[in-house]
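Chains here go by letter, A, B, C and D, matching the order in which they are written, and residues are numbered from 1 within each.
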Amino acid sequence: MSEIKKAVLAYSGGLDTSVILKWLQDTYQCEVVTFTADLGQGEELEPARAKAKAAGVKEIFIDDVREEFVRDFVFPMFRANTVYEGEYLLGTSIARPLIAKRLIEIAALTKADAISHGATGKGNDQVRFELGAYALNPNIQIIAPWREWDLLSREKLMAYAEKHGIPVDMKHKQGGSPYSMDANLLHISYEGRHLEDPAAEAEESMWRWTVSPEKAPDTAEYLDLEYVNGDIVSINGNAMKAHEVLAFLNTIGGKHGIGRLDLVENRYVGMKSRGCYETPGGTIMLKAHRAIESITLDREVAHLKDDLMPRYASMIYNGYWWSPERIALQTLIDHTQSSVNGWVRVKLYKGNVIVVGRDSKTDSLFDSTIATFEDDKGAYDQKDAGGFIKLNALRMRIAANLKNRK
Amino acid sequence: MSEIKKAVLAYSGGLDTSVILKWLQDTYQCEVVTFTADLGQGEELEPARAKAKAAGVKEIFIDDVREEFVRDFVFPMFRANTVYEGEYLLGTSIARPLIAKRLIEIAALTKADAISHGATGKGNDQVRFELGAYALNPNIQIIAPWREWDLLSREKLMAYAEKHGIPVDMKHKQGGSPYSMDANLLHISYEGRHLEDPAAEAEESMWRWTVSPEKAPDTAEYLDLEYVNGDIVSINGNAMKAHEVLAFLNTIGGKHGIGRLDLVENRYVGMKSRGCYETPGGTIMLKAHRAIESITLDREVAHLKDDLMPRYASMIYNGYWWSPERIALQTLIDHTQSSVNGWVRVKLYKGNVIVVGRDSKTDSLFDSTIATFEDDKGAYDQKDAGGFIKLNALRMRIAANLKNRK
Amino acid sequence: MSEIKKAVLAYSGGLDTSVILKWLQDTYQCEVVTFTADLGQGEELEPARAKAKAAGVKEIFIDDVREEFVRDFVFPMFRANTVYEGEYLLGTSIARPLIAKRLIEIAALTKADAISHGATGKGNDQVRFELGAYALNPNIQIIAPWREWDLLSREKLMAYAEKHGIPVDMKHKQGGSPYSMDANLLHISYEGRHLEDPAAEAEESMWRWTVSPEKAPDTAEYLDLEYVNGDIVSINGNAMKAHEVLAFLNTIGGKHGIGRLDLVENRYVGMKSRGCYETPGGTIMLKAHRAIESITLDREVAHLKDDLMPRYASMIYNGYWWSPERIALQTLIDHTQSSVNGWVRVKLYKGNVIVVGRDSKTDSLFDSTIATFEDDKGAYDQKDAGGFIKLNALRMRIAANLKNRK
Amino acid sequence: MSEIKKAVLAYSGGLDTSVILKWLQDTYQCEVVTFTADLGQGEELEPARAKAKAAGVKEIFIDDVREEFVRDFVFPMFRANTVYEGEYLLGTSIARPLIAKRLIEIAALTKADAISHGATGKGNDQVRFELGAYALNPNIQIIAPWREWDLLSREKLMAYAEKHGIPVDMKHKQGGSPYSMDANLLHISYEGRHLEDPAAEAEESMWRWTVSPEKAPDTAEYLDLEYVNGDIVSINGNAMKAHEVLAFLNTIGGKHGIGRLDLVENRYVGMKSRGCYETPGGTIMLKAHRAIESITLDREVAHLKDDLMPRYASMIYNGYWWSPERIALQTLIDHTQSSVNGWVRVKLYKGNVIVVGRDSKTDSLFDSTIATFEDDKGAYDQKDAGGFIKLNALRMRIAANLKNRK
């Protein structure tokens, strides 16, 4: 590895990345550029600027990427009804490729030769950052301090911070949140500490974005979601941009106790890990997207998508957003969405997202003249079913005849 | 088709199959054997015996197949986390192969040369009955009256009944339930009438097995489910047989408003159809089974199962339970369940099934010494991740280098 | 089915379709339009015109569709390395959707309300014609004489012909070719008669397009095939159109005894059937296309294509070329071919197609500086492999530790 | 990594592993146990014993594992018609898990705490050895000298050998074979040197097991292969054990110029690599196994196997033989083979393996009474096909109607 002169750091302004900033300056004797993204995590970003400045950073990037995040990452993913291991909506996974892309873009802008991030060596995020970065710039150098340094416990980290005059705010001094958290417009996640025993129930106090179903309103609320090409474009008749859609759904979903999830997942690096997630808007979107597809998508196209979905989900979970195979699958997925137009009505109530109606003026393949239990006036000839069954049964009848002869 | 001397009819004792019974006797001049199954649909079966006798039937079979149904059909299906089109738990589909098998068995016992059923020519059930029957007896003759006769509206059916002295009970005279329904221990389903407009919300009065989440108790209830080889064997410490498990979960799930579903599905015969389902016990089982697998199943085995699941679900939905491909897949699925032992705790509350804990004394692959955010004392070497990422990125870096050279 | 006034018949001018022409006129009292396609089957088409005229046909379509056939059907299929059941190159299957499309186009042009074809009720071709036709015009009426009439043996057919003054040429009088054959630029196929015993070797005299390997030249021949976007655009430096490529490869492949195949396949209608095929050009194309992809396609993209290929092959075999699912898959396949540029050298010798070299100036992902067994001067750090293996092994080590503890 | 006291080395007696033996003794100051396997590679093994003794090895294992290799590894793999990337028969890949297993068994027997092998850090074999070893003994230590030492060129290796008095035989002194080779009963492989240019044709002198098709006999030879449960049990009526079958087919295949392959493959470690292979027996087995399955396997079971095959092949190629997912798939594959009984006749001629007949007395699903082009006397009702097509077309007709209305 050649000498590093300048590194772009994915910087939140929190304790960990503040320590990393200092550690990079000391260890590599390099200039550090900070990049702080507004992904809708709901935190003030200006303090990050002040802290970076105080640490001697000359090039500070603070970008509002919320619209890009939802429009170009979250929405494409939801077009596939993407769920990892039957449950997880990939809230953390889908933000990483955007950050990787911006790190590489900023490295090009600032002529930096390296990037750095605060993900640990045990998790998926290091993989997602680095696979993305390498795919976009194969010669970038990557510094992953958690895999290099010896500050492997919280105590050592705090000691390092204090020794180097890095401000440690109150919550860290008191032990802070017991959880390792990540947030963006799609979700907030919790890992670690109390959750490391998968047999134990998560504490109610942990959850931040949603009320418990018990505390949610006693009255249900209905939403009309309008779809164009598989994406929500308006809610209750109000046109919205992608990130506005998700922000709106998060607020209303959170209010109704929607989108909590507690699961044990399989990390790409080979271990099982327990995580809790709040994904209020995403939970509504998944349910509603399936509903609009149910009337606008051909059966075999829908089944093809279902068959490919777990693979697509793994690609995103494992960090292969910028891979040619993910892009190839996306081409197929996006192609299928041209007919996914119409509206879905959902009812939200105490943790439940209930689809109560769906229709499409332009693309509904639901044909009540055929499906009816009443007289269909010849639209469908029931006798056809006899031949259909006979030929589908033929191979099994031949086999059964053979068995009988034995 | 040769002459038919004796036919076994899947007979509920209701209006439709009573008309079919008479119609078979008249049209084919054949003897009719009736078969009525107790699948846990919650109806008295003895009236069916009396009606059959009154119609001149000499061989009447009324079987309690509840245990067989859940043990040999429902449970094996749930081992695969089976869901059709992302939502439907296959409650109707999974009962048909059992009925087909009993029809063929009874045909052998009674030396009948045909079987008959009351499924219409537009639906999936005719396919499921007949594919199953042909697979088990390739030379059986099958009479599907709905595809043969001209009684294609309810009015004509009622007129036929009255003309032939078939008792039409009050509910049919008044139009009866507006829905076409099917019930067994796994679910109850509703189709037709008001539901034929997929844009319209189902009426609250339709639902029979579950209260609405709004009317469910204000206090949550917890259940401890114990698994052996992927099947639930006890609840809250009480050992139960398969059908007792499902009956118990139905009762408690129904009480808590769990398991309602309103969807548009794609039938095997080529049309879209709107159905509403109540599957309280099944909804709990699906969620809990994923949870026990999450700690006891290897990642790649779990992903293999997830990749194959939609195909397995389609096999069942389309009526291929008795096909060699379903049996081949089942072999794989059952093989994977030998390590699926342990317990899951779920919380039931107003329509929500929330997994709050899971563990396995014998088969947990969750290793907190590795996954911990704290110092792991060398159980996992974070530096390994560097090489892991580098090699996984290699092909993308080579491609990116090529692109840069262009 | 409403009255039929005019039907477009897929007409070869041979005995079968001549009988059908007459039978249609008599049975339906309708006008018949004939459509004869030059798919490169190597037969004179003008006699068909004369015969149609003689039979009173007023609208006669004889189209040279060779270029369209190879460019828009065969080449797209070969981009996927498509093989049905591990062996069959789908020579018959891929021509049917083109014929279906032309039948529907001609029906629109001539204001015909029906189409008709000469495929039997036991085969795949009826399905391919009709699924294609229905997909392109859902209200078209289709007449499949073999499913309607009673001329179910060759004797009855000949009797009908003689009775109605339809010329029966010498070969039919003498029993003709013992095989049911189909030919187009991609292949010629043989079924029936002697082949109905799958244990018996096909007669050498049956094969028409290829010499036996034994009779092929004793000297090998080399070809340089140039690819652009996954399609061959020149051979030995000579630019060619799609159908010229295939015609050239057929000639040279046939000369070298390449492309014979004898197999038992599974028909969509449920039976097994023995067929023999000659596909000289296609056999060369399959081998060469894999070779050019081997250096220009990313590993995971190639594997995704491989995983989807059998499904894509079944779609074509079963007649779903014009289905939305085939088109969706094609979108993915075509997308992947943008980098499939370069050349492949093959050696042809007595039935063998041997790839001896391949390269791409613009898109080769083969990087000899990395793959070399010699000193790579740091292009690849062998130590990375340690971490790669360790993390890939982690889940199995955790499982093995658990097993040891038991 | 704790101190190593004793290591089991996969030892061929060649230059590389002789250097490794010495290097292990010097570097780790540990005792070395050698393991040399007779996999049918066709080399004398006793010299390895003498060399090991001379190097001071006290525990020397030389095992004839040929029968186990073919019976428990090669045959199970061929039951799946396994091919990697459309071409490669996995000859090297399938031997590694057996060696890994024996290394771990010998480590247990000799109370060794480590194993070692001579695979480089760039290839797949290190992964296969080590994943297997870790899966079987999660606490084994693994020494991969090529990833640790600095002898990264042939010159340095030779210098080390000479310095330490390791005998370097004539071929190495003269540069030896220009290729990196691997051989066992399934194949012999060539990589490196001249082959590192994928555009260049391999030299005829390279091939060792097969004559060129040009030099093969001018007369074809026929073989009758008998199958029981998917495995060949006799050839031309002579019962043989698994390894005898393969040895026989290698000899006769090699004589007829069968089984050469020249390809660029995608390694698991991320690079493309050019390899040449001779797999005479395996090439015959693949072709013949497909043929016996073509008449004994149900269509959907065969298609399920085809769909899963590339995944199964990747598992083996990537080193996951001992993984739970490979074992789960094997369960399915083996289950399907119970009906794969019968015989196949193949004709071998100058590089060609031509299936000319196949039959099964007990399990043939080929029913000529149905498939016949002649009058089938009612075995199949052609009218059934009309309904079959109509219902399969229904969803496309509904879609086309919608499109027309737009």
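Just so we're on the same page, contacts are C-beta pairs under 8 Å (C-beta built on N, C-alpha and C of every residue); 3 or more make two chains touch, one makes a residue touch a chain.
Everything quoted here is computed from the prediction, not taken from an experiment.
J.: How many links in the shortest chain of touching chains run from chain A to chain C?
T.: 1
J.: Which of A-B, A-D or A-C has the same interface as C-D, meaning more than half of the contact pairs match by residue number?
T.: That would be A-B, since it shares over half of the contact pairs of C-D.
J.: Give me the superposition rotation angle from chain A to chain D, based on Cα atoms, as a multiple of 5 degrees.
T.: 180
J.: Indicate the whole-number Å distance between the mean C-alpha point of chain B and the mean C-alpha point of chain C.
T.: 40
J.: Between chain A and chain B, what's the gap in Å when you average each chain's C-alpha atoms?
T.: Centre separation, chain A to chain B: 31 Å.
J.: Any idea how many Å lie between the Cα centroids of chain B and chain D?
T.: Computed from C-alpha means, the inter-chain centre distance equals 42 Å.
J.: Considering chain A alone, which of its residues make contact with at least two other chains?
T.: As it turns out, chain A has residues touching two or more other chains at 266, 269-271, 298-300, 303, 311, 323-324, 364-365, 367, 370, 380, 383-386, 388, 391-396, 398-399, 401.
J.: Which part of chain C faces chain D closely enough to touch in the complex?
T.: Its residues touching chain D are 81, 85-87, 120-122, 126-127, 130-131, 134-139, 144, 146-147, 152-154, 180, 191-193, 196-202, 213-214, 218, 220, 260, 262-266, 269-274, 290-291, 294-295, 299, 302-303, 306-307, 310-311, 314, 322-324, 345, 347, 349-352, 354-359, 364-368, 370-375, 380, 382-386, 388-389, 392-393, 396-401, 404.
J.: Which positions of chain B touch chain D when the two form their complex?
T.: 266, 269-271, 298, 300-301, 303-304, 311, 320, 323-325, 327-329, 331-332, 335-336, 391-395, 398
J.: Can you tell me which positions in chain C touch chain B when the two form their complex?
T.: So the residues of chain C in touch with chain B come to 298-300, 362-365, 367, 370, 380-381, 383-388, 390-392, 394-396, 398-399, 401-402, 406.
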